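So, here's a batch of structures to check.
Two complexes are shown next, each including chain A; its partner changes from chain B in the first to chain C in the second.
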Partner chain A sequence: MTDVLVCIKRVPDVGGEVTLTADGQGVDARHVGFTVSEHENCAVELAVQVAAATGGRATVLTLGPAEAVEQLRSALAVGCDDAVLIEVCEPGSYGPADVAREIAAVVADRGDELVLLGNDAADTGDFQVGIRLAHLLGRPVVNGVRTVAVTDGVLVARGDGVDGVETYELPLPAVATVLEGGVEPRYPSLKGRMKAKKAPIDTRAPRSAPAGSGRVRLLLPPAQPSTVDVLGEGPQAAAAVVDLLERMGVAR
Partner chain B sequence: MATVPATARVVVIGAGIVGNSLVHHLARLGWRDIVQIDKGPLPNPGGSTGHASNFIFPVDHSRELTDLTLDSMRQYKELGVFTESGGYEVARTEERMEELRRRMSSAKAWGIDAELVTPDHVVARIPFLDKDQILGAFWTPSVGVVDSLRAGTLMREAAQQAGALTTVPNVEVVGMDVERGRIKRVRTDKGDIEAEYVVIACGVWSPKLARMAGAAIPLTPAVHQMISVGPIPQLAERPGEISFPIVRDMDTFCYERQHGADMEVGSYAHRPILYDPEDIPTIEQAKLSPTELPFTADDFDPQLEQALELMPDALGADGAEIRYAINGLLSLTPDGAPILGETPEVKGLWSAAAVWVKEGPGVGRAVAEWMTQGWSEIDLAHSDIARFYPHQRTRQHVRARTSESFNKTYGIVHPAEQWASDRGKRLAPMHAATSAAGAVYFETAGWERPHWYASNEVLLGEYGDRVVPREHEWDSRWWSPIINAEHLAMRERAGIVDLTAFAIFDVVGPGALASVQHIVVAQADVPEGRLIYTPVLDPNGGFRSDLTIMRLAHDHFRVVTGAAHGMADLKWFRDNLADRAAVVDVTSAFTTIGLWGPKARDILGRLTDDDISNAGFPFFTCRPIQLGSVSVLASRISYVGELGWELYVPMEQGARVWDLLHEAGEPDGAVPVGIGVYGTTGRIEKGYRAYGFELDAERTIVEAGMARPRVKDADFIGRARYLEQREAGPRSVLCTLTVDDHISAGGQRRYMLGGEPIRTRDGGPLTDGNGRHPYVTTAGSAPSLGKHLLMAYLPPDEAYVGNQLAVSYMEQLYPVTVAAADATPLFDPDNARMRS
Partner chain C sequence: MSVLVFAETTGGGIAETSLETVAFARGLDAEVDAVVVGELPHGAAGELAEHGVRTVHHATGDAFGAYSGAAWATAVQAAAGQSRVVLAPGTPRGLEVLAHLAARLDVAMAANVVSVVPDDELVVTRQVLGGSVLEEMQLPDTPALLAVAGHAVEAAPAPAPAVGTVRELTPEVAPADLVARVVSVEPVEAVDSSGLTTASVVVGAGRGAGGPDGFGAVSELAELLGGALGVSRVVTSLGWRPHHEQIGQTGSRISPDLYIPCGISGAIQHWAGCASSKTILAINTDPEAPMVTKATYAVIGDMHEIVPAINEELRRRRG
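Moving on to the complex of A and B:
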């Protein structure tokens, strides 16, 4: 029986064009909704699978504003059993070290054996919270894996390496960060959504004041000129399309 | 980089279902040099058409919308993109069952096959629906789904093949130039296009485009939530897009529509979520499309539960997941009708907006006809963009009314239902006095009009059963027996009526006579001080309006028309003026007070020294008189069939004259009388026709029984068609009928409210020479006759006095008899009272 804690971050659900807030500290979310990253969607799916396979509980956690309950409920709707919100007014003022410290406090309190996170944050791309969390907890950590499973009290994690698939075995308790692509995250069912709506949220206050990220500001990369090659028109274009699909490896 | 043509006869902005069908029909009607642009790519530029659920239920209580929908279905079928599925509107409550019975009235009136069925009928076709949740359903076999994107592509291609159309996608309009009140060019990021006509068919973006030209299209983008749940085994095992009927779960404001292996669940139940057109994301900013906004799950959660109740085995099936969920944007307008026609602000700039997929092709055809010939086969009066008053174009009004109406999309809306939001905005000068008299206000075009007065409740005791009280809640909703008491008091003594809402405009200048003569049917070359009551026709000889005109001077005519249609009439006069004439809107300069009844002359005589005797002030004349120190324009006319006057009073003196009339009327027992009498009971006893009820562009003077012995020699709009109509004779005849027995099967007395089908005595259908089925255009009490009267257009061979027919009300037949087969009033047929 393995209890899994999966950590997610509420981020703007941007489209093709990303704009920044005026202070350069975040992504402008005026025109878009909020979501979590694909890495985290996969982590949630893995958490649900591990909990189901071992008879444990899957708990979803976020540090964010009250509105982040929306993301917690989405995870509850696809199978998480419990949810924890570390409610903060200005999540942007929490740097990776702050977030890791707050999560560590919750894990210390709850004792979840496995903590899953996304590989990196979708908006700020810090790549730090997983490692820092493991360090604070004194746990082994593996990064960028695509699947995890627990067998006989051992965490088996697989991910892509330079020379092929790498497999790691870690003793529990452990931490892992997940890259998208290893599992297909499920959509919620109607019953799942209705259950999620009624589920209680364990809301906690942060333990200490944030030190901040030290980030000066975000910058957008220069716009890439988009080039359009017209392959042709009508049935005559079919051969060129087939050729292109073959070169892309989509068709053989 | 793509560029746009430098010139065009017409630029159509928008390549959704409306723009596409419009270019098709323009090309079909002979237009060439059509340029169509859209900001997005083809075939789905990202507007509301692209995410529409694409199903069509034809029956609506509005004839105009129903006819547009039926025409659209016919066009979709011709294009081969219609799949018939049948559709149920299911009822969970008895109140809804009654509404479905009323829906049967509309189905019969508009000639659409439909029936009320049991839950067993529903589950026979939809086995996964829980029949214990419903009481019954309204079954329309002709319901179906369409491929609106494919339809649009086919229609564009037809216009392109005719050599009429150039379509350029990915073009953004950045401005519009107007010169001397006329559209001149469209400026885009790919170049400017000079054009004679520009049509805005941009759905939710239309207000933004209109503003570029200084015009207003008062709609708001609003969210309609939809989710798609699947795969559902019961659906997946059948081939094709749809093989189960569509379900409208009316009481939860939701629908369930199969789409392949998925069930789409859409909702009109959530809180109104309105957007500003400026805040819609660009194609680049949007995650899906600009009109498929992020789903807000909290808003939809209550509907999930209800949907699951109705279809537990399908929506709750193993593996069925919410695979797609959007807050889709669609267009809402303050009165629920589309916004079509030439903008009143800019000549040549047209709107074809706030149109849903179910009406799109019909609207495309009708607007193309209107642009081509000045009229359309389907009358678009309720959708005319010219209908809006300035206050109705404000953002606050649009937001208030659409917020109120959104949850009524599947609601049960009483025909007389009043708005609750944005009220109290246009007040008559005597408003304080009418409020003190307990006026119950109904709204027309923003005006607060007393419909009846609580202070007249004392009359109920006086008149007893003559006020014909109504037992059934539905029949008496938005109604009071006080209306009938006021009616009787007016007929016996006198009534004073607040008519401030009239739209009033002056036609002035050396060309005034020529203008009016050209626009109206009646002879306008009358002596100064004479009144004219006249139809106004479109070029096809259909009614544009009916109104009264006072000739005040050789070069000055004052036009008085109803508030609801006043702004459209104003545009019609402006558009059709002769040289050296102008139209001046004086609506806000004058209040109008009606004084009618056998005591009217005595009462007015107490206030004036002017000669108001029958000889000194004959019927159908007007002139200024003095009421103490107030000079008013008095007009001896009546819409209620009584002796009396309309008094046109400067707005700032209206309150004083109102009070003077009440003081002078007190010895005779004059009472304030509301619009319930003026608009219905008084009118229907006199058989007076009303524009928007009996009169519309699909009816003729001959059918309405309003033809005069001769037609004036002067030419006027619609004259040629009118002469043909007189020659051909009527294809239907407007009649007045009495209801002979009101007792329902349940033993209650029932009173029709309008819209009900007229059938043979044993319930069989009737069809007139236009292919229409008779329905009640106005229903109302006739307290002086002790009857309930109905007006309806009947087939000519059924239009004879004494003919015994039936009216179907809530799916029960009540016997009726034709009491007048022409315009002869049932009350005071010789008009002796008005002329006394």
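Moving on to the complex of A and C:
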């Protein structure tokens, strides 16, 4: 029986143009939705699979504002059993070390044997919360894996390394960060959605004040005016394209 | 002031991304040292010296035979000494080793760094949200840990090469740092059989391909140009093509001389993976698509008509 805690982060769902808040401290999210990273969707799927295979429970956790319950319920709808919200008013003031410390306090309290996180958050891209968490808990950690499975108390994790597919085996309790691509996240069933709507959320206050992320300000990269050279329209442009390929020396 | 670069090796020498990181470090106006963990390929120390590295710390020992992020971080820590800044390439291992060091020393670490403003307190500029937004971040701790974004600077030999003295070290590694260690490696061609991340020409296809059967002409174009085929995220999530062909924030990041995206609108998540392309030739029905407006060249129209026409013209000129 392996209890799995999977950590997710509510991030703005930006597909096109991004605008910033007036103080330059955040993304103006008034006109966009929210989501979690694809890495985390895969981590949720793996958490549900490991819990089901071992008879344990899968719990989803986030540190965020009250609105982050939306992302927790999405994870409940695809099979997580429980949800924990570390509720903070200004999640942006929590740096990766702060977030790791808060998650560590919850894990120490609950005792989940396996903690899964995404490889990196879709917004801040810090690449470090999972490893900081492992150090705080005194647990081994594997990074950027695509699949995990638990057999006889041993975590078997696989991911792409520089020389091929690498396999790690480590004893539980452990921490793993997940990259997209190893599993297909499932869609919520109607039953799952109904269950998620009513599920209680274990809401907790942060343990300590954040040290901060070091953010001075956000800025948009200088807008590049379009300088595109349109070679033509439709198949008639083929000759102009091949002329270009020859000039570039790629049409061998 | 001295700074330390964690350098990765490939079969033949120092990895290109590590040489970029050395070039970035030279920009800090400091003495640049480097640390190589495990095998030091023949000529690699000389290569680092050419790029301006003063001392090459070479960490060896049984603990470094198989890769372990925690153990390798111990080697970097042993080499760091009084370094003001420790830098790593923004590769999976570079990021992992640096994060272990950050956790162990309880200091701040910045990922995806593109430039730095050295001062009493270091301020860096780094990419967030897949590169669509920049963040200025302060790193007051010593050492400051920076993972440098790919292609933030170009690798280039130093104006004046350094000596590149090799200093051997065999740091002691705690048993706990060897628990999470690679136990086996299965060489798999499919991981990047086409060389997507190293190809000089990449042909991309997106939703405009229309279905799993819509990739014949783009594959042929890639083949005719001796390049690789890449796809957008929607293509892999619809199951039209395998995940290892995906270009984007959660897929491969490419930097070819020429990228030819066909039927790809250019959402931020895709742009994050192809922004380093030197030249972009976009083929799209929508002249206002972000991929078209950001491209160097464009052809407006249906990829299913245009790409076969290009293939035919290429074959015709070759006789």
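Simple rule for what comes next: the second predicted complex is superposed on the first by the 218 of 252 C-alpha atoms of A that agree within 3 Å, B and C clash if a C-alpha of one lies under 4 Å from a C-alpha of the other, contacts with A are read in each partner's own complex, and residues count from 1 in each chain.
In this section, a contact is a pair of C-beta atoms (placed from the backbone, for glycine too) under 8 Å apart; a residue touches a chain by one contact, two chains touch by 3 or more.
Everything numeric here is computed off the predicted structure, so don't read it as measured data.
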Looking at the overlay, what does A:Asp229 touch: chain B (first), chain C (second), both, or neither? second
Looking only at chain A, is it chain B or chain C that touches more of its residues? C
Looking at the overlay, what does A:Gly16 touch: chain B (first), chain C (second), both, or neither? both
Report for A:His135: first if it touches chain B alone, second if chain C alone, otherwise both or neither. second
Could you look at A:Leu218 and tell me whether it touches chain B, chain C, both or neither (first, second, both, neither)? second
With both complexes superposed on chain A, which partner does A:Pro188 reach: first (chain B), second (chain C), both or neither? first
Considering only the touch criterion stated at the top, classify A:Pro200 as touching first (chain B), second (chain C), both, or neither. neither
Based on the superposed arrangement, let me know which partner A:Glu180 touches: chain B (first), chain C (second), both, or neither? second
In the overlaid three-chain picture, which partner chain does A:Gly55 touch, first (chain B) or second (chain C), both, or neither? neither
Do chain B and chain C touch any of the same residues on chain A, and if so, which? 14-16
Over in the complex, which chain C residues touch chain A? Could you list them? 67, 69-70, 92-93, 95-96, 98-100, 102-104, 106, 108-112, 123, 127-140, 147, 176, 179-188, 191, 200-201, 224-227, 233, 236, 243-244, 246, 249-251, 257-258, 267-269, 279, 281-282, 287, 290, 292-302, 305-306, 308-310, 312-314, 317
Please name which positions on chain A make contact with chain C in the complex. 12, 14-16, 18, 20, 27, 37-39, 95-97, 100, 120, 122-128, 131-132, 134-136, 138, 140-144, 160-171, 174, 179-181, 213-221, 224, 226-242, 244-246, 248, 250-252
Quick check on the complex: what are the chain B residues that touch chain A? 229, 279, 281-288, 293-298, 301, 304-305, 307-308, 315-316, 320-323
Of chain A, residues touching chain B in the complex: 13-17, 19, 30-35, 70, 73-74, 186-191, 193-194, 197
